[in-house]
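Shared chain: chain A. Partners: chain B in the first complex, chain C in the second.
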Partner chain A sequence: MESKIYILVVEDEPEVLDSIVRDITEFEDHFNVEMTDTAEEAEEIIDQILEEEEMIGLILCDHVLPGKNGVDLLIEMQNDEKTKPTKKVLITGQAGLEETVKAVNEADLKHYIAKPWEKSDLVDITRKLLTDYVIEHVKDPLPYMQVLDAEKIAEHLRTGRQITDQ
Partner chain B sequence: MNKTKSIGLILGIIGFMIPLFVQLPGLSLAGHLAMSIFILAAVFWMFETIPIYSTSILIILLQVVLLSAEGFVPYSDTVYEAISYERFIATLADPIIILFLGGFVLADASVKYNLDKNMTRILLKPFGSDPKYIILGLMAVTAVLSAFMSNTATTAMMITVIIPILARTDYSDPARISIALSIPFAANIGGVATPIGTPPNAVVIAALNQQGLNIEFGSWMLYAMPLAIVMLIFAWFLLLKLHPPATKVLQLDLKGEWTRSTKAYILYVVFALTVLLWVTESLHGIRSSIVALLPVAVLTLTNTFEKEDIRKLPWEVLWLIAGGISLGISMKTTGLADWLVGSIGWEHMAYMILLGVFGGFALLMSNFLSNTVTASLMIPLGISLATSGVIDGPASMMLIGLVIALSTSFAMVLPISTPPNAIAVSTGVVKTKDMIVSGAIIGAVAIVLILLMVHFYWPYIL
Partner chain C sequence: MKFKLGAQWLEDRTSVTEMLQRLIDETGEQDRYLFTVAKDTKIFEEGDTLNNVYILLDGTVKLYKKKPYNEVDYPVIELSSGSFIGIIAFTTGLESLTSARTVEECKFLRIPLEDVERLTSEHPNIARYLDELILANLLERFRQNIILQMKLDSTVSKLEEERNELRKAYKDLQEAQNRLVHQEKLATLGQLVAGFAHEVNNPTSAIIRSTDTLQNHLQRFMVRAYEKEESDWRSEGQYFFDLGKKAGFPDTSTIRERSKKLEKEFPEAKKSQIRLMAQMQSELIEKLKVLTKENDDRLPYLLNQFEFGKMFQNIKSAGERISGLVQSLKSYSRADTEDRYEWIDIREGIHDTLQLTSNRIKFYELYIDLPEVPMIYADAAGLNQVWTNIILNASDVMGKQGSLDVRCGSDEENVWVSIRDSGPGIDEEIINKIFEPNFTTKKTGVKFGLGLGLSISKEIVEQHNGNIRAENPEEGGARFIVELPIEKQDKQ
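Presenting the complex of A and B:
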């Protein structure tokens, strides 16, 4: 399926990056997964995606990165109208309370995942946030029903009345 | 704009031009213009060059400009007596549109106060835990609700009910397929049961009204509900045969509470009263479209249905229906419909074969096109068949109307055939192949049954 929605994974340790991407493979048929190891490169990728008028549904971001850190990247995204709707998740082992609070308050952080994580938790969170994103920002959510929370999407169709009899 | 739409745009414009340059013997100037509009509408509807509801509005605009007394074409010296533009724009408030408006308000208010879900909960209870009967229960409830709400909204609601059931069912159990297919099929079938069940019914009823045939809410149910019931039971048998459930027990775990606010109670009462008045029209004589104003008025004046809710009504469906009605008016008044009918040698066809051709064609077309569009394109021709004497009498007009309306609703072969089908396939539980097999069998059986009703049932109750 040709998707216009991206999942962006930012993580500097190659093994960790691999395991995140491996854990969320079930979404790959419906979403494009892009990965990178620095915030700076993430910004470039974001610009490219937006330039092609495609969407970033979810970012899974490590906190400690070489150069600019993950929290600052998420805050920057929150302050840009185009990336504000993106669901933001911080994956980290060492963020202090202060940094975490900052991410919640200033980047509208949707979830905090502590390392090491359970695969099922990561999958559940990814599914929940992508479902929310699709419901809020995609006109026709039907193609995503299969891989996301179908009950929630059906409920949205019931109450939102996007699809009508013809 | 993708390739299909572009082809539609080009074909539509070329098609629109043809009658302007080619003189067709026996067809008036107005008939030529009506044909231009008909071709443009048919092509745009088929290729979905523009949204189908905008095609409807475009039809009304073109009719006002080209065919009305106030339009730009002088008809004073011709045989065509130009009708007022008001006739065309009045289709937007045709009695059947008002009936649908009442239905929409009731349906959307039901969603708002969870009446649809609570009814489902109550109605499903007696069906126990045997998967066979649970599927029957799901189908019966879906059909009953979709007779009064939109087929699509009913399907969406029922999908939220079946997903927890599917999640508890073994992945390889065919019950998953029969359950997931039962919902859209039952929703499509239930739509035929009442005038407000599905938009094609509206287009056909409006066209018959134009001919002076008034169809009561209850009469329609008498004509169409037996078909819906038989087909529902047939579809149930078919699904159990093709995908027999392996599990012996299915737990229905339906939680929920009745909404107990004053507004919700107002809705319950208004809903019950409206439906009661609709089905008893023959006793009190108040037309169903007048009754339809009751929920609209009472629910809004009590703020049960608020301004935001009014804005969220599916207005585009009403536009779509209005365009279909309006197209029928000009095809009739300009003589185009009669001309089209007259140019085909129907006389050589036996009566039943003729109705069979209409039903079969409607079924085939609406598998690929919107059901409403199919009905809109076919009903003017069907009515002309009756008025031009190819088939006889007012009863034949009713019969052909019923054949067209009912046949379009039994198109459920492909995911694109109806929105309920699309939703069911999107869950990923049903393969398109499964839908094609059972959908095709249901369609074929429905046509046979409709023809049997033409012969053995309707003539005796009309």
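Presenting the complex of A and C:
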């Protein structure tokens, strides 16, 4: 089994954090979900995950956080080679254009989710981004077909590298 | 030449001219030189070369100079009897600097230049009095010049004074305008909030009411769904539901720790189930172990009950938060009061502000000491902005950790409010500047979105005839103190 892929959720309101995690439960059999309520704690967890040589596939991050804000966290991750590949999503109740533009430009923001969100949107985005991540960074994406975008993975397998399957 | 000492003749040129006239009378040539000129007659023109000497015996003459830009004659000096007119042109031989015109009927001695030469050589006394007259006139002109300089100086300082007054008036006007714009902002906010509160309260009540009903239905439904099971453990479901409602939210690192332990205790459980269990009270975990020992099919049922309880509690507390926020917003902006000034208990505004900023200050240790203080006649919404500014500034400085100390009190004259944070304090270099307009230490825009700063706070406090100041107390952090007079002030 390849190393584990994590989904990191950063949100300071426990009720909201709970709801986000509940909405993406279906991915939990294949991905580890980690929750934190501040950017600072997120950084600690990122360090731990990387120390164990595991991967962070996706971060769903609230914008307004106590201490360091979400956009700054995402930008820092983008500037670090080890967390650069992580797909980055901003979840926010305050649609400030300036900060969002900053996130898009400087953190390679992949998606922007406005609160309140629809479960199906959150799930679709999570599936799409994790599929991309798995295709780009995992040698054998086959086990993930069941929970991710199977067609896209199959297409990748067909056109991409040859698979040495036993 | 010889002069009489003393200055009396300076003041008395008339007697000098009388002496001169008498001497000329004695020559027998007086008729040649004595002239009477009617009112408003031009004697000579600026730029003329003068061929005569004019000595004014009686009457008044005005000298005029043309203004360089519009050629209009401007009165320069008024000469009375005893004056030597055209003195500069006579002594220098140059063109006349001014024009001369009679103001009333005037009597002159007009002596042609060539006669002056002759008269003075024939009659040494005439020469002497003429010299004296010239000197007296020059001294008089000089005195006039000094007086003029003094007048100029006082005019300049008066102008400067007026300019300062204008500057101040302009500044006052600007401040008044800022205040008006700010009041307008508040009024708009009030109207928005009134509408907003109405619109939000309705759906919120709908959510809370439906949820109550839904909760009852769900309970009955769950009981029916598991009817076939033995009732003794099924009733435990209700217990899990109730404790779910009371579970609250452990912080994320606690959840992480508990999850690791639970993964070992419940190796069969799914991750989502583990996460739910990590939020359970320990007594519930013990119960769960007992109940699922013989039959772990019971686990999902019990966990569902727990989660239902939690979710209903979430909806309920979220609904309450919305109503609470709307209520605070309403009283914060005084959406339902017409007159901004009224008798208020400042503590209510402080409580509203703490409630509305709870998103930012929930991480701090709060020390709130608000004993009863006298009511004051004040603009509640305005003061709320003052508290908000101070608190949000403190929060910006402290980030996630820190403490906030909010207290109030009163003496005979004032009610005071003190708000102290545990941040790094204010640089001594800038502590005097923080109340100036446009002063900021923030890199990005205002987070709260009202675009208000300490300068507005200062203005609001001063409108109440109070004062606001900042200091770095010995115990650390920064402290803002606002003092407001208890006695009703005349509104500005």
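Operating definition for what follows: the second predicted complex is superposed on the first by the 158 of 166 C-alpha atoms of A that agree within 3 Å, B and C clash if a C-alpha of one lies under 4 Å from a C-alpha of the other, contacts with A are read in each partner's own complex, and residues count from 1 in each chain.
Going forward, a residue touches a chain if its C-beta (ideal position, glycine included) is under 8 Å from a C-beta of that chain, and two chains touch if they have at least 3 such contacts.
All figures in this text were calculated on a predicted structure; none of them were measured in a lab.
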- [ ] Specify the outcome, clash or fit, for chain B and chain C once both structures are aligned onto chain A.
- [x] fit
Task: chain C versus chain B, contacts on chain A by residue - done: C
Task: Which superposed partner A:Val33 touches (first chain B, second chain C, both, neither) - done: second
- [ ] Using the superposition on chain A described above, determine whether A:Met145 touches chain B (first), chain C (second), both, or neither.
- [x] first
TODO: Using the touch definition from the top, say if A:Ala154 reaches chain B (first), chain C (second), both or neither.
DONE: first
Open item on the list: Just checking: does A:Glu98 make contact with chain B only, chain C only, both, or neither of them? Give me first, second, both or neither.
Closed with: second
Open item on the list: Students often get this wrong, so check: with C-alpha centres, what angle lies at chain A between chain B and chain C, to the nearest 10 degrees?
Closed with: 160
TODO: In the overlay, answer first, second, both or neither for which of chain B and chain C A:Gly67 touches.
DONE: second
- [ ] Quick one: minimum Cα-Cα distance, chain B versus chain C, in the superposed arrangement, integer Å.
- [x] 18
Task: Residues of chain A that touch chain C when the two form their complex - done: 14-15, 17-19, 21-22, 25, 28-29, 32-38, 40-41, 64, 66-68, 98-99
TODO: Please name which positions on chain B make contact with chain A in the complex.
DONE: 52, 108, 111, 116, 150-153, 156-157, 159-160, 163-164, 191, 198-199, 312, 314, 316-317, 320, 370-373, 418-419, 422-423, 426-428
Task: Residues of chain C touching chain A in the complex - done: 249, 251-253, 255-256, 270-272, 275, 310, 314, 317-318, 359-360, 362-363, 399-401, 444-445, 447
TODO: Spell out the residues on chain A that touch chain B in their complex, using ranges where they run on.
DONE: 142-143, 145-147, 150-151, 154-155, 157-159, 161, 163-166
